[in-house]
Structure formats: structure tokens, C-alpha cells
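One chain, subunit A, appears in both complexes that follow, with subunit B as partner in the first and subunit C in the second.
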Partner chain A sequence: MPILIQQLSHTYLPGSALAYPALSGIDFSIEAGEFLGVIGHTGSGKSTLIQHFNGLLLPTSGSVLVDGLDTREKKLRRQIRSLVGMVFQYPEYQLFEETVEKDVGFGPKNMGLDEDEIHERVFEALSLVGLPPEQFAENSPFELSGGEKRRAALAGILAMRPKYLVLDEPMAGLDPRGRAEILSLVESLRKNNGTCIVMVSHSMDDVAMYSDRIAVLSGGKLAMLGTPEEVFSRGSELLEMGLNLPQATRLVRALRERGVTVGRDYYRMDELEEELIRRYGHAR
Partner chain B sequence: MPENAPFTACLRANYRGGPLFLRRARFTEKKPLAETIIQLVNASFQYAGSEKRALDGVSLSIRRGESVAIVGHNGSGKSTLCKLFNALLLPAEGTATVDGMDTRDEDSTLEIRRRVGMVFQNPDNQLVTTIVEEDVGFGPENLGVAPPEIRARVEQALSDVEMSAYADKASHALSGGQKQRVAIAGLLAMRPEVLVLDEATAMLDPRGRQEVLSTVFRLNKERGMTLVMITQFMEETLGCDRVFVMADGRLVMEGTPQEVFNQRELLEKSRLEAPAFVQLRDGLLAAGVPVSESAMTCEALADSLSRVLPESGSKEEKE
Partner chain C sequence: MHANITLGQFLPGNSAVHRLDPRTKILLMIVYIVIVFLVKTLYVFALPTLLLVLMFALARVPGSYFFSSLKPMRWLLIFMFLINLFATSGTTVLFRWHFIKITQEALLQAVFFTLRLVLLVAGTSVLTLTTSPIALTDGLEKLLSPLRRLHFPAHELAMMMTIALRFIPTLMEETDRIQKAQMARGADFESGNIIQRAKSMIPILVPLFVSAFRRADELAMAMESRCYHGGEGRTRMRELHLHIGDLYAAVVFTLFTAGIVLLEKLPL
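And then the complex of A and B:
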């Protein structure tokens, strides 16, 4: 069962002079097991949207159903939050416990699980994020490096075994290797556990590389929804919304301006590289 | 506001120390201008309670007017390094000098901080007042600059970062890129010689990043402002004169972007990678496509490819 977003609108401070409509008429669904990229300029409503997926924000009108559970139902919220794991920007700032084990175990403990189950989940989550529990469990989370902290914070969410994992800019501020590690972790969660991934990112290359579908938000509306190929073939519209294009797409456009057309709008560097090599071979 | 009124009366209590400090400033400005503005000699630093050195024997010099990028993995010591540049941290061993002044000399601290302005990562915790122009005036006011002069500086600084239209706006309502530009204006109003950006674009969206980058590169090119930029975005370094690569507290490479990004193995070892177009270029070269070996950007690679590949209109395009 999916996350159904039906005619969702959200207005901050409704009825006041500062009323600000952040989302209007958003209507789509997120399928279980898919990788959905969410892109949009600052202020486009991305963060407002994803906070609806686990009931942190509630619709001003319309509804959000997670596996059929309406987020407006207060009774269901605990259940919804164990289905939908939410990782905010710079999650490492939210570490707070004395040991890594306690920090990662905080979520499962709140779910009311017993000690053994918590322990098992914590160790599983730490192994998943590449922090061997025997080495890290007893450490203070504050002694970890930046990249390790980020992964420990992610483990805290994974320990709840969410069916849907929502990540807001999970790679911000990480070095290239750290970015690659987080991305491959997220991708393997999807592949091996069937976890649905919703990833908000400014990096068009990362979104292009991993997403099955991409949702483009602009001015609080769903401006586009489609495969990376469909979305990035509308490059001029994206640029008008203040978004970037994947680097491969930028090169295709720059070549076109110079009178060289490559078959289609590539959005992955590896595929474009193959095409360019093939083209050069043909030309000779 | 009358011409001679205090710029922001509420802040006035803060600059009792001003005149004394200004005398020192005039004195130091008489010294001949050195070609090197920032120099580290064998500088090391270790945080209290940490087992290993955050910086381990780093020597480097940054010349007046050049643009320098500092890259390195998380925890490589980049930020620690930059904090030595304006005496936020002092080297435990070795020396750090700014325009000939030793950062350990407490009498020089204020003057060093005026000359070397830093912009940090988070746009939300660098602005100190509620109104944009008051924020920009905060620095010079603390330096004891006379109110009419402050006003002139604030206007100039806001125009330099293209934020004049927002002078009387609330700073909290700005976008991230705008906040960072206001933070830069606040530094410009103190007439710094060096701008240090510590991952100042990391939390911004693409448009915000572009705004900040074009602002600082313009200040570098047109004003000769020395620019030091820490970044995790390798492509941001391509506009810089030199790139320093940090790894595990040491300076492991320095050179032009071209020189540095050609050292693929060493980059890899430092947990970094070349910008995407450099990687594509090298992939193409390895496959025998004769693109220019100096192409590092999208535009340069497109130029080079357009000379190598057939133009559209040839039979292949119709498929």
C-alpha cells in the first residue's frame, strides 16, 4: 500500500495576517518500494510536504493516507511514525544520548519494544550504516567524526525498521566519499529490504542517478512528476524554477548550442560518456 | 535618521575600546605591504581532549589578491586551518601570521580579525540584528567608525553584494543565499582584505550558491579581495587560482585546479574526487576521444567536443 496524498493544501498561520499558503492541491501517491526524488527551489514547499508524510504537519485541507492510515487521526499517529522514518537535515545535531547504543535505541524504546528486541535492532542498524556495533556501541556519539555522526543518526531511524524512509538533504555538508556512502546505503536499503525512499536533495545528479520518479515542487504546487528522463527533458522549465540540471544534461544542452546533438537528454554521466565515445567512433 | 545620529543607538554601548584600537590600526598600516598576506609555518593544533592533532605541521602562504580553495574530507582539518587565519584559534606549535602580524600577539588580534573576515556555513546564525542595514553596520560600529562613515560603508557594502533593495528589510525573512550575502556585506563594511568562506554555500540551494559564489569571485576579480574558500563542491574550486588539499590534518597537495585534479590517485587517497567534467574528460581521453586535456568545465568540454564530434545535420542525427 502506498502513501496517498490527496488534494493536499497547507497554510501556515491560517486566518492571520501572516497566513502563508505553502502547499496547494498536491495530489499523487508514493508507491511502496520506490525511490522518489523530491526537488524544488527553497520555499517551494518540499519540507512542508515531507513533514505531512508522518503527521508532523497536518493538512489544512485534503488528506494524507499512509497505508490507509489517515494522518489526521491522532490515535494512528504512533503507528504512522513507525512506518515512516524521517531524517532531517543535519540529523547529527539531534544526537543526545550518552552512548551510541542508547541513542540508536531511543526510537525502538519509544515503540515499546523489549530490551532484547531493541538490542538486536540497534546492532542491526549500526551494522547497516557501517558502524560496527562492537566498536561503536559504547562510544559517546559526540566522539564520532562528522560522517560517523550522520550515520549514527540515520541508524537511529533505521532501528525502527521504517517501511518508508524520508530523507531531507541527507548528504549536505559531507565530503564526496561520505556522500557516496550515504547514497549506497540508502540504495541498498531499498534493494535488500524493499524500503521506500523519499529523498529531498539539491543535487540533481544524485536525484537523477537513483530515483525511479522525481517530484518537482514549485510555488507550493506539484509542477512535474515523472521519471528522471521525463523530468530532465524539460530542462528550460526547471531552470526557470531556479533549479539546476544534472551535469550530463547541462553538457548535452551546451553541445546542442554548439550544433552537436546527442540522441536524447542524458541525465547520467556514465551513459553520456558511452554515447560520446560511440559517437566519436562512428564519426571516424 | 539625521546624518550625525548614531547608526544604531542600541549598539553604541559596545565600542568603548574603539579609539585606542584605531590608533593601533593606523600604526600597523604604515608598514610596507607584504606580498604574502597569510602565512603558516609548521602550524599544528590539537583540540583539548582529542587524541590526535587536528592540524599537523601545516606550512602554506596565501598571496594578496589571490583566490584559494581548500578542500578535504570531513575531519581533515580544513575548518581548523581557517580558524588560524584570523586568530580564532592559535597554533600550538609553529606560527600563523597575517600581514606580518603574529596571531599569538594579543595586541594584534582585533586588527587581524578586521582584515580577515569569515563567513560560516549556517546562514541562520550569523546575523545579529533584525534589520539588514543594522546588521551590516554592526561591525564598523564596533570598530568605532563615525556614524556618517558607517552609513556610507553600509550602503557601499550592500550594493557590492547586490542587496541594496533589502536595506530596511527584516533579516530573518531573507533566503539563505541572501542571508549569506548580508553576512558578507557585514564583513565588507569593516574593509577586510581577506574573505574566508567556511563552506558558506553548503546549506544553500543551487540559486543561493550561485549568488554567493558570483559575489565573492567578483569581489576577488574587481577589488583584488583575497579569497579563501573551503568547500566540499569540487567544481566550485575551478574558478580559484590555487587549490589546497587537506587530509588527516596535513596539507597533502597544492597547485592550480588543473594540477590538483590531475592527481587522481592522491585525490582518491584523500577521500576526494575530481569534478564530474574532469572525470568525464579523462574517461573520454582514455577511450581515445581527443578532447582538450585542459577542459574542466561544462563549457570548455562542450567547446572541445564540438570540434571533435560531427555537427548535427550529418546522417546520424536523423535517427
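And then the complex of A and C:
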């Protein structure tokens, strides 16, 4: 069962002088198990959109159904929030407990699970994010390093074993190694647990690398939705929306301008590298 | 969620009242409060009322702000009116029903106290409506600066106020964000008894305090790296100057004060 977004519109402060339409007429669905990348310029409505997936924001008009559950239904909200895990930007700022174990257990505890189950899930989640529980469980979350805090916060969401994991800029402010760790963690969650991933990112390369489909938001509307090939083949439109292109796509463009033949458009660096070596490697 | 909360109630504009020096406005507001308290007879309220209307008109503040300034006080106003109405003893009975008795004296007193409070609240709101928080703290700093000789930290106080004001919207945003993050983890802030609800605030308050300290630290660092070292010898980008308008305003207030004192003294 997917997340169905039907004719979703959202207006902040409706009816007042400050009314601001952030989303209008969004219509698509997120399939279970897929990796959806969400890109868009600042202010295009990405954050507003993803907060609808677990009922933190409610549609001004239209509806969002998570596995058939309507987010507007107050009674279903707790169930929806355990289905859809949400990792906000800089999630480390939400840590509050005395120990890492208690903090990671906050979500499962709110789900009403028993002590043993919580303990098991906390240890599992901590191992997943690469914080060995034996070493970290009893530490204060405020003593961790920046990257460790981020991973502890992520574990707090994973411990709820969400079916859908929504991440808003999960790599913001991390060093290259930290970025790679988060990305490989997210990718392994999808491979091993079949978790559906929705990732908002400003990095076209990350989105191009991992997404099955990409949703492009512009001015509160769904401007494009398709595979990375489909989306990045419309490069000029993306540039017009103030978005960038993946490095590989830019490189292909630059090479063509200088008269170098490249077989097709590329959006992943590894594939382009292979193509270029295959084509021109022998000439060295 | 908090986006609709505007800080203070400053209404940007360029009216005669807006252009007054903040020092003048603060001082005249104190005078205004004093003269409202000077009034002892009901009909003399005509003068401060006229002054209030004059201030609103000169500030080009829409009349609706008069009511919105009173809105937070509405329960207090109603309560005061009713208490005075029913609890004041008097001789001329206007209305009687079982044990409830309303006398003319009580009615007059109720109107008197309510009117006084309305004038105070609406009048002082002119100050906050026409003066930006920054100008207000600037004015306050200047007014308090003579006290520096007595080691009163006027500049530091004003700086703290400015910083506090600056961070209110930021912290509101932060609260909203943390609240949403905890709600996404299934936190419930709406149900349960009062103790459970208070407990449910911990997941918001702890991160909020942590981030407030972090921001304070960062700000202190940024200020120091720009060589900030307090008020000694510090010049300002916008110096406060008294203009002819400030003189006019002072004259008007003096006339009103004199008028009220005279009317109260006259045996009418």
C-alpha cells in the first residue's frame, strides 16, 4: 500500500492577510519500498510537503492517505506516525534524555511497546547507525560528537521501525565521510528491510545516485516526477527553476560543448566514468 | 503554528508620532500615565480621552488597534467593572433584584475605574505601536545613561533587551521545530492530566534550552570577534536628536496636564 497524495493544497494562515499558499494541487503516490528523491529550490514547498506525510501538517484541501489511513483523522494519527518515520533537518537538536538508550527509546515508548521490546529495538537501531550499544547506550547524548549525535537521533526514528522513512536534508552540515555513512545506512535499510525512503536533498548527485524516482517541486507545484533519467534529461528546465544538475550531467554538457562525443546523457558519475574510459581509454 | 505571532505590535509608519524621539515618547507616556491618575472626577476624563484620540489620529493608527490593544485585557476590564458595580456601597438604588443591588454611586465608580484602565492601556499602546523595539531600547538606554555614574549598567541593560527581543522569533521557530520533531516520534502534548502534560513538555524544553545556550555562546563569540566591549566610547549609527516636533509634543502634554489640574481644582 502506498502513500496517496490527492489534490493536496496547503495554505499557511488561511483567511488572514498573511495567507500564503505553499502547496497547490499536488497529486502523486509514493510506492512502498521505493526511494523517492524530492528536490526543489528553497521555498518551493518541500518541507511543507513532507510534513503532510505523517499528519504534522494537514491539507487545506485534498487529502493524504498513508496505507489507506487519512491523516486528517485524529484517531489514526498515532498509527500513521509509527508508520511514517520523519527525520528533520539537524535532528540532533531534538535529543533530550539523560542517556542515549532512553532517548532512542522515546519513540517506541510512545508507541506503547513493553520494556523488553523497547530495549531490543533500541539496541538494534543503535547497531544499525553504527553506535555500538555496549559503548554508547549509557552515555549522555550531549557528550557525543556532532556526527554521533546525528546518528543517535536517526536511531531514535529507526527504533520505531517505520515502513516509510522521510528524511529532510539528512546530510546537511556533515563531512564527506558522515554523508557517505548516512547514505549507505539509508540505502541498506531499503535493501534489507524494504523501507520506503523519501529523501529531500539539495545534492543532485546524491538524489541521482540513489533515487528510483525524483519529484521536483517548484513554486508549490509538482513540476516533474520521474526516473532520474527522465528528470535530468530536462536539464534546462531544472536550471530555470534555480536547481543544479548532477556533476556527471554537467560534465557531459561541458564535454559536448567542446566537441567530445558522449553516447548518451549521464547523471551518475560512476556510469559516466565507465563510458569515458571505454570510449577514450585506449587512446592514451 | 507560531508564524502568526508578531513581536510586539509595532506598526511601521512615518507619522508625526512615529518621528518623535523615543526618549520624548517614553517620558510623555509617563506624563500621560500620571495625568490619567490625576483625574478624580468623571467628566474630567474628557481631557485624557481627547489626548488619546489626538495621539491615535496623529499617529495615523487605525481605530481598530484601539480595540485590539484592549483585547488581552478584556477579562480584567469586565471583572473590574462588575466588582465595582456590585461591591460598592451607595445610597441611590437604581436596580434591585433579590440580594443584588446596584446603586448610582457604584455605577459611577465602575465606569470611572474601567475608563481609567482603558485610557491607560490604549494610551501606552500608542508608544509600542509607533516605536520599534530597537528605538525603544535606544531611548531607554539614553534616558538611563545618567545613572551610569552610579554604576548602573544602562548600556548593558539595553543590549540585553535588544538581544532578548531579537531572539524571541528565533526561539519560537525553534520551539515549533522541536515540537514537530517530537510529535513525529509519537509525543503527545494534548492529552492527559496537568502533570502528564507538564511532563510531556520536557522533550521540548530540554532541547530548547540547549539550543538557547548554544546560540548565546555563538552570539557572544561573534560579538567578541567583532571587538565588542560594552558601551564605553561606543558611537551609534543612528544618533538620537530632539526636533521641533518633540517640543510641540511636550507643550501639548503640558497644556493638557495644566488643564486637568485646573479642572480638578475648580469648584464645579
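Methods note: the second predicted complex is superposed on the first by the 279 of 284 C-alpha atoms of A that agree within 3 Å, B and C clash if a C-alpha of one lies under 4 Å from a C-alpha of the other, contacts with A are read in each partner's own complex, and residues count from 1 in each chain.
What we mean here is this: contacts are C-beta pairs under 8 Å (C-beta built on N, C-alpha and C of every residue); 3 or more make two chains touch, one makes a residue touch a chain.
Owing to the predicted nature of the structure, the values given are computational and were not obtained by experimental measurement.
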Point to revise | Partner chain(s) touched by A:1 [first = subunit B, second = subunit C, both, neither] | key: neither
Review point. Regarding the shared-chain residue A:56, is it in contact with subunit B (first), subunit C (second), both, or neither?
Key: second
Check your understanding: Can A:111 be said to touch subunit B (first), subunit C (second), both, or neither?
Key -> second
Point to revise | First, second, both or neither for A:19, with subunit B first and subunit C second | key: neither
Practice item. In the three-chain superposition, say which chain, subunit B or subunit C, touches more residues of subunit A. Key: B
Practice item. Under the contact definition given at the top, report the residues of subunit A touching subunit B in one complex and subunit C in the other. Key: none
Point to revise | Of all residues in subunit B, those that touch subunit A in their complex | key: 72-76, 121, 175-176, 199, 202-208, 232, 234, 271-273, 276-277, 279-280, 283-284, 287-289, 298-299, 301-303, 305-306, 308-314, 316-317, 319
Exercise for review: Could you please specify the touching residues of subunit C with respect to subunit A in the complex?
Suggested key: 3-4, 174, 177-178, 180-188, 202-203, 206-207, 210-211
Practice item. Report the residues of subunit A in contact with subunit B in the complex, numbered from low to high. Key: 41-43, 89, 145-147, 172-178, 202, 204-205, 242-244, 247, 250-251, 254-255, 257-261, 263, 269, 272-273, 276-277, 279-280, 282-283
Review point. Considering the complex alone, what residue numbers of subunit A touch subunit C?
Key: 12-13, 16, 18, 51, 54, 56, 78, 81-82, 85-86, 88, 91, 93-96, 106-107, 110-111, 142, 156-157, 160
